[in-house]
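Look for chain A in each of the two complexes below; its partner is chain B in the first and chain C in the second.
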Partner chain A sequence: MIDLVLVVAGLVLIVIGVFYDFIGAIGLLRLPNFYTRLHAATAGAIGGAVVPMIGAALVALGAEYLGPPRFFLAGAAFTSSILLMILAQAGSHALARAAYISGEAQREPILYDALREEGGG
Partner chain B sequence: MNAREVAIATSITLMIVLLAYVIEAGGLGPIAPEKLRELAASYIISTYNPWNITHSAQSLEAVTAIVWDYRGLDTFFETSVLFISIVGVALLFRGYREKTGVGGRGLSEIVKTSTKILAPLILIAGISIAIHGHLTPGGGFQGGSFIAVLLVLLSVVFSLDFVVERGLSTSRLLTLRSIGLMGVFATSIALLLVGLVTGVSAYVFQNMVREGAPVSMPPWFLDRPTGGTLLFFNVFEALAVATGLSLAFIVLSLRREEVEEALERGEWYE
Partner chain C sequence: MDVEALVSLVLTVLIPLYVTSFLLYAVRVVKGPTIPDRVLAIDSLGYDLAAFMVVLSILVRSPLMVVSGLTLALWIYALDIYIAKYLEAREMGG
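Let's look at the complex of A and B:
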């Protein structure tokens, strides 16, 4: 019973990940400027890679026919998801900050620029 | 969306679906031809054979056994080529001396904190890949590249001063690089020297016991296979690659103050 719950929960997370990947791909193609496209790419990285990796860990834990190696699979997937969660945000933050400070990326359309009020990041 | 984009999207989708179907139906034939399988089987039997160490490299990883045991001389010269290219870089920038306190605050606090969390993990992963080179895919070059990537990451995120102040100046990196290459060389002739001293015959790049050459590297560490020379080769290769690649990176990330100083010193030489 608990195995079934784990597998179903994992599959739900993987489906959520597919949704995020799809949204991220569309956003990367259709959004107007660098920052919004970066936002779409980060949504694809966190929602489309971290979440389904946790789902894969749950599916591996629930799949009893895999035998003892399933704990290695689950542990590796879980650890990778946490590392990716730390790394993806730091990378996109560094990219966005570099683009803002160098002024290379087009800022319009923009509603509110908090960094400019603080005096240029 | 015009007709051209629709046609491109349809053809890409069709190609992926058809390729998946062909692979699924076995249309490309057996993945490995039957002839190759005998060769692969002979390698698998001879890389790890604890019952007959005379015909074994005592390594669970066939690639590492081929690279450092069967064709060790070849790999030794590959390592030397990398070393000579690093020496060429050092020669090209011969007036170079890294300056600290030039500036460079590094990236923002968020990136620094993430790097602080991940830096020990990258170092441990690099060392682990290097010393498990005879057990799992990877080896000295890959582990050394990991450690070099760590140094590049630290010098980008925290600035070059951070790396240099912790003792990894270019001269010390070049010294460590030379120690790594000397270690590889010493490992390759270690058993030959033992054979010469004790008066039995031995080979260059000998790993385990061979017919007529009774000297051997330790085949076991406790209950684990060591791969004999492979372990030492991987460790020294990792040291050499890590220091060599980070030396090249530090020298090539040349800053204006360093160029000016190097040019002044170059005028003294003339």
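Let's look at the complex of A and C:
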């Protein structure tokens, strides 16, 4: 019984992850400039990559038919989901900071630039 | 409906969705006006490819691809840091 619960929970997480992935992709296409796309990219990265990995780990734990190697799969999936949760944010933040300081990304559709007011730009 | 058929059915239904989002990311990689846009798109593409490898390794019943998924995620993070370092200080460190 517990296996079925694990598998169903994992599959639900994977479906949610694919949905996030799709929304992130559409957001990345439609948003006007780099700084708004950051939101879509990190939502696509966390919701679209970390959540399905946790779901895949749950499915791997619950699926008896996979046999003993499924525990390697579950362990590696959990590890990479936790790592990804940390790394995706740090990488996007570093990229955003570099894009802002180097002025590489265009800031046109902008209402208020707090960083420039404080002289950090 | 036993577990195996359920898992295989759901995962095979998800694969085209994954592939379409990869293509959408690829469109942003090609179209992205500036370098950070392209790197951001490669970011999400790489992370979701890693997740796709993990999900696919359940479908093909072998845990080999998960290790490369983890490595891909780490390399995509390294790409981010290198590009950020280059954009800021015009040097890649090392």
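The rule is short, and it goes like this: the second predicted complex is superposed on the first by the 117 of 121 C-alpha atoms of A that agree within 3 Å, B and C clash if a C-alpha of one lies under 4 Å from a C-alpha of the other, contacts with A are read in each partner's own complex, and residues count from 1 in each chain.
Please note the rule applied: a residue touches a chain if its C-beta (ideal position, glycine included) is under 8 Å from a C-beta of that chain, and two chains touch if they have at least 3 such contacts.
Owing to the predicted nature of the structure, the values given are computational and were not obtained by experimental measurement.
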Partner chain(s) touched by A:L115 [first = chain B, second = chain C, both, neither]: neither
Which superposed partner A:A90 touches (first chain B, second chain C, both, neither): both
Of chain C and chain B, partner touching more chain A residues: C
Partner chain(s) touched by A:I14 [first = chain B, second = chain C, both, neither]: second
First, second, both or neither for A:V5, with chain B first and chain C second: neither
Partner chain(s) touched by A:E104 [first = chain B, second = chain C, both, neither]: second
Chain B and chain C footprints on chain A, overlapping residues: 83, 87, 90, 94, 97
Residues of chain A that touch chain C when the two form their complex: 3-4, 7, 11, 14-15, 17-18, 21-22, 24-26, 28-29, 34, 37-38, 41, 44-45, 48-50, 52-53, 55-57, 59-60, 62-66, 69-70, 72-73, 76-77, 79-80, 83-84, 87-88, 90-92, 94-99, 101-102, 104-106
Footprint of chain B on chain A - complex, ascending: 83, 86-87, 89-90, 93-94, 97
Chain B to chain A touching residues, read off their complex: 107-108, 110-111, 114-115, 117-118, 121
Touching residues on chain C, where the partner in the complex is chain A: 3-4, 6-7, 10-11, 14, 17-18, 20-22, 24-25, 27-28, 33-37, 39-41, 43-44, 47-48, 50-51, 54-55, 57-58, 61-63, 66-67, 69-70, 73-74, 76-77, 80-81, 83-88
